[in-house]
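What follows is a group of structures, each given as structure tokens.
Same chain, two partners: chain A is paired with chain B first, then with chain C.
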Partner chain A sequence: MKETMFVDPQRCIGCRSCVAACRECSTHKGFSMIFVDYFDRAETTATMPTICMHCVEPTCALVCPADAIKMTEDGIVMTALKPRCLDCRNCVNACPFGVPKYNSQMHLQMKCDMCFDRTSEGLKPMCASVCPTGALSFGTYEQIVPLRRTKPVNVHVFGNQRVETKVYLMLPTDSDEVSVEGVDAADPAIHESWIDTQAEETDKSNQF
Partner chain B sequence: MTQTRGEAQARGGNEGMNYRNPTVLGIAAAAILTILVVVGSRNLEHFDPALFGYTIASIVALGAIVFRYALWLQRPATRAYFWRGLDLFFKRKKLAKNTATAAGTIATNIVEQRFIFKRSRQRWLMHLLIMWGCILSALITFPLSWGWVHFKLEGDRGYRAYLFGFPTVVMDGRSVLAWIQFHALDFTAVMVLAGCAIAIHRRLKDRGAIASQTFLLDFTPHMLLIAVSVSGLMLTASSLWFAGYMYSFISLSHQALVIMTLFYLPFGKLFHIVQRPASIGVELYQQRSREMEQAVCPRCGTMFSGQLWIDDLKKVVGQLGFDYRMGDGHTLQDYCPRCKRILRGHAYAGLAEKSEPVFYGDRMKMHDERLP
Partner chain C sequence: MSKVQNLEKILDEFGPHLHDAPDEGWLADRVIDRMVPTHCPYCGVQCGINLLVENEKVVGFEPRYDFPVNDGRLCPKGVTAYLQVHHPDRLTHPLIKRNGNFEKASWDEALDLVVAKFKEIQAKYGKNALGVYSGSSLTTEKTYLAGKFARVGLGTKYVDYNGRLCMVSAGAGNYKAFGVDRAANPWSDIPMAEVLIIAGSNCAETFPILNKFLWQQRDNGGRWIIVDPRATATARQGDLHLQLKPGTDVAVANGILNVIIREGLIDNDFIAAHTNDWEAARAAAEKFTPDVASQISGVPAEKIVAAGQLYGRAKTGMIMHARGIEHHSNGVDNVLSYINIVLATGKIGSAGRGYGTITGQGNGQGGREMGQKADQLPGQRSISDPEHRKYICEVWGISEDELPEAGVSVVEMFDKMREGEVKGFISLCNNGMVSLPDVNRIRQSLEGLEFNVNIDFLMSEASRYADVILPGTSWAEDEGVTASAEARVIKINKAIEPIGDSRTDWWILCEIAKRMGRGEFFKFSGPRDIFDEMRVASKGGKADYYGMSYEKIERQNGVMWPCPTEESTGTPRMFEDFKFYLPDGKAKFHPIEYKGPKEVPDEEYPLILTTGRVVYQYLSGNQTRRIGFLVQQCPEPYVEIHPETAAKLGISDGERVKVLSRRGEGVFPALVVSTIRRDTIFIPYHWGEQQAANQLTNPALDPVSKIPEYKACSARIEKIHSRELPILGTARKGTSQSEVQRGK
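Up next is the complex of A and B:
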């Protein structure tokens, strides 16, 4: 599959259509695997959608003790195999993007698998098919990139770790990578604002 | 200095699989079972030569399963969990409590399988039928084919079962109980068939299942189980209603199919039978770590997991060749999942404030070789 996802947070209006549509995906029926988070709710209404970035070397799959997370030949990192997943939550806490979700009653991890039931049949993923602004787009590099004035980047740097992904993030500047740093004590802006502390507990631990 | 995982592994030397220990363990397990077969059948006195094929296949399959299990334990995460689970279980002051937790997990997860019920009722029923059908069949057939159980006729109708060479109670060979016992494998075969029917129906109808299933992983085990059950039922039918017509051929086919299923155990989906009980250790670990110091997210202050557990995870992540240490002295895994998303959001939003020029797109057409 040559197609992939292109995420452009600049375009996200926080409508959460993707969150609703994601529940319709047949591989995780009824549960949404996408996140739409506020950057800093006290300062701005800006939101950021997070889907699985489908890492080239997925940390989640490698830290899985049960070897339950498999990759397809196309580089799609699949949701955990149901007979194997032990609900240990290694993947949930190891993922650099904070993507996998778990349910302790079902003893199950689930994550975005780029709507494998749809994309394997040539359809767009649910989120990309409903996103009204193109913040989430699905297509080939050649199809999507010439239409945009943003730069596709598929490299994140978390501290010392460089993570390459199948999914692209569209950047407004000419950077080649997104460098994520931890909380800098000197910069209060990056600390959580009072209003974000109201977020649901489950939202913080990724329980679905 | 940033790194990719491949670079880190190249520097640290690629940690390959060690095949020696699993091989030794596998052979040892097979040898122990062989000794038990000889001892249990009293020097093969009560061993049924007609079941020789099953005996050899089960011994080889056990060796293969132990080999595969030992290989599986070499995964850094599995190894960490395995040892931590044992370590926590044998904490002297908590042994009684841990035994109670483990017993509770066995009851709800392995016997009742409540977690499958929560996933889907249909799946739960399907799994219950297949699992108990297989477990009961194994409990009957393995001791028989290893010579651990044999029967002797006492009087006209009395059957006495001998377990490991020791006599048990006498049973009336014409009683209802005896009839149920003699036909137990027929009942379990029907259970397995019903379960497989539900599973295959789901695999043919469910869109999610259709998209992700593979023939070798998801259909082969059902085919094997159906073939074993049907050929087993044919044995009963042949002896009851067709005066033993084609009995030896059916018997040989049944044996071949059972052996194939036994040899499939270490590879495919059926490996979860031996893998799944690891959830007892995982649950124990989670319960105990809940009582210990909690990991606090450095950004939002949420307690999102046990500290011991996060520390173990960080070690595993390091062993795998990743280096997620951040400039602020934390490791990325110290942050709760939501804060990881927010930190990335801030990194993205902060790009505009950095010195890089604004990207206007047209440059892309001139320099990107991937575009026509």
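Up next is the complex of A and C:
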């Protein structure tokens, strides 16, 4: 599969259509694997969707003691295999993007598998199908480059960790990689509006 | 007669309760029997969607990639729309209110009571003692029927529709300037425009799928000029954001026109050949230098200059506007001042050069053209025009003296109730206790009625005041057409039979008419029959549907009117030949003076309150405040306030505050954000009772369109020292309104 996902935060309108539609995916029916966050609602309406970035060397799989997280030949990082998952939640804690969720009822890690049920039949994933603006798009690198004025970037630097991903972020054309600096949560300049917290609580519970 | 006596019990029985899963839960191994292509029931984009049916239940959706407007895209309301079909709150049998309680009744019992009471009221007070209040989320067949039902079935002149709260200012402005009320260009023109002016529309939240076209335009190198008092998700991406004071739109638009004139960017040839009254409009605009416009609107003068240059210098450009400029006591002026810019630059009638109103409701366009409006007959005909009356009377088979004269707008109809002129009332597809201005007065109107009938498929805040409730169906249980905001007539398809003992709205209206002794005029066996009569009724009118058929609509993925003949494929773009619909074929300029909102802030009420919508709720929220996912994202209304204003009042983020106007008060959590002006506060309006923003709004009406002034009234904020929540309030984080209502 040459197609992958492209995430363009500039276009995100925070509607959470993707979050709702993700629940329709047959492999995790009723559970959404997507987060949409406000950056800082007090200052801006800007929002950002987070989906699984499908790392080339997935941290979640590397830290899994049971080798429960497998990749397809196409580079899709799958949900943990039920018989192998040990409930340890290493993957939930280790993922630099904060993506995997832990389903406490099923004792299973769950994550986006890029709508394996749909893409294997030639259909677009649910989130990229419904996204009103193209903040989430599904297609090939060659298809998206001529359409957009932004540049697909898939190298993320988290401190000492450098992560290459199958999924691209659409960024200004002078960007080659995304560098995430450490954030001090106690910094008084970091202000969180109650509506951010509310969104996080409904949206971003990594355990359900 | 119609008081709400036992609210707790009504809430317990009829909700809003939260429902958040398909029938029998989120099953992965469903066997889908059929996939029904149809459209979303919500806003004016009318996105295509496939409904999945299993064992005669709607259990999910599949994106409809083949529909060219949305290519599968949906907003969160659309994604979760199917969950309303089998919602446990659905009204599934007729209800009669006895001793304050709604009791189940048979159709015969309920309809006989309705007809007996209607006859009694008309015998006692005259034909016009009955009022009909309809809506634009109905299919066009039903909106046509509502107008005919009132005038022929009941013989009353009092009929109006909730489009009065929505697009009438745009419609009236379009009539005055172009002689016809329709968005001039298809949305597929948007990507071809170099510059877009979007005035008074946070389309990122209110018409999410329209953003597809906006971003295509931007990918082509286009620029956006956004006019909005708030830095919304739409304005955030604007190349230029004119953050005006609510209600000062005329100053901004005239200011832009002033710059265009001064820079010599007007199209003299177009003006001379195809328009009238330019000189008067020019003279009015000349007073609005950027400095004058800036002083009134609070928008920096250089931004007004930049907007004029950007739009004026571009070869192509489109202006679109929505409720932000229309919901004013001078809404029509606001619209006309923007149309003046379109006409002065001649940017109309070709690809990427155009104008459009972003109509709100699902059938906002169709609902305003087939005669459910107080002064209108089918096909955008006028009820005061003798020729038009004659034609419609022929189609309907009635004599001309049987056809009532024009009635009044809905807000005025509610005044007539308090004045005792309207004694009996039937409403469908609206929820006045949330959506009409100054709801405390609306409550008095409803409580004073002798008899009140409501048709709905979910118990709304307004339904609670009814004596009889007749259960209609959801959109998935009936067929018909709607016209989207680009005047694309599309086909809604039936997925399943009506659930329980509910009946389609058209059946209910026809049945009442029959029992009123007017059955000969309502011999319809289905929407197709109504559509066929409506086609004929619209023939020769401006909104001409004569050449349409259900088959053509489906084959073409929609037909844009006028479509006068069987050969016609419709008219995607208006005015390509620069022939306008006014008597001499020319468009008309209007000199617009600045009047401003009716209420001006003073010492007592120093802030400007403006209201609007959020992406998770649809209009009065009767459908969306019951869907778990949507309620979780936005459980209750809040008041947006600027940090500096909040600091002066000693208000912190998240604190519950009291917001007061001259008409009422409500308690809302403060959302302290720098994305709003310092002199302005904002409350989304989708909620009822103690959380209704419309307790505060001003019922002042535009003199032409009769639209209420939702977008600007004076208000103040007070700290509350008690920790007590309003009765229907909620704990903020994730708790739903209905859970609190049910005491959980």
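Criterion: the second predicted complex is superposed on the first by the 185 of 208 C-alpha atoms of A that agree within 3 Å, B and C clash if a C-alpha of one lies under 4 Å from a C-alpha of the other, contacts with A are read in each partner's own complex, and residues count from 1 in each chain.
In the analysis below, contacts are C-beta pairs under 8 Å (C-beta built on N, C-alpha and C of every residue); 3 or more make two chains touch, one makes a residue touch a chain.
No experiment lies behind these values; they were computed from the predicted model shown.
Student: May I ask you to decide whether A:Glu57 touches chain B, chain C, both, or neither, giving the answer as first, second, both or neither?
Tutor: Once the two structures are laid over each other on A, A:Glu57 reaches chain B alone.
Student: Pick one for A:Arg148: touches chain B only (first), chain C only (second), both, or neither.
Tutor: A:Arg148 contacts both chain B and chain C.
Student: Could you say whether A:Cys131 touches chain B, chain C, both of them, or neither, answering first, second, both or neither?
Tutor: second
Student: After superposition on the shared chain, which partner residues are touched by A:Tyr168: those of chain B (first), chain C (second), both, or neither?
Tutor: Neither partner.
Student: What's your read, chain B or chain C touching more residues of chain A?
Tutor: Partner touching more chain A residues in the overlay: B.
Student: Mind working out whether A:Lys29 is in touch with chain B, chain C, both or neither, as first, second, both or neither?
Tutor: both
Student: So in the superposed three-chain picture, is A:Cys95 touching just chain B, just chain C, both, or none of them (first/second/both/neither)?
Tutor: First partner only, chain B.
Student: Between chain B (first) and chain C (second), which does A:Phe6 come into contact with in this model arrangement: first, second, both, or neither?
Tutor: So A:Phe6 meets neither chain B nor chain C here.
Student: Once the two structures are superposed, pull the chain A residues common to the chain B and chain C interfaces.
Tutor: 26-27, 29, 46, 148-149, 197, 199, 201
Student: Can you name the residues of chain B that touch chain A in the complex?
Tutor: 1-6, 72, 75-78, 80-81, 109, 114-115, 118-119, 206-208, 210-212, 269, 272, 275-276, 278-279, 282, 285-286, 297-302, 304-305, 310, 313, 316-317, 320, 322-333, 335-349, 351-352, 354, 356-361, 363-365, 368, 370-372
Student: Over in the complex, which chain A residues touch chain C? Could you list them?
Tutor: Interface residues on the chain A side: 10-11, 13-17, 19-21, 23-24, 26-27, 29-30, 41-47, 124, 126, 129-134, 147-149, 193-195, 197-199, 201-202.
Student: List the residues on chain C that touch chain A in their complex, please.
Tutor: 21, 25-28, 60-61, 63, 65, 72-76, 78-80, 204-205, 208-209, 211-212, 214-215, 218-219, 221, 231-234, 236-237, 615-616, 629, 632-633, 635, 638, 643, 653-654, 669, 671-675, 732-734
Student: Show me the residue ranges of chain A that touch chain B in the complex, using the header's touch definition.
Tutor: Contacts found on chain A: 9, 25-29, 35, 37, 39-40, 46, 48, 50, 57, 59, 62-67, 78, 82-84, 86-90, 92-99, 103, 105-108, 113, 116-118, 120-121, 141-142, 145-146, 148-151, 156-162, 164, 169, 171-175, 178-185, 189-192, 196-197, 199, 201, 203-206.
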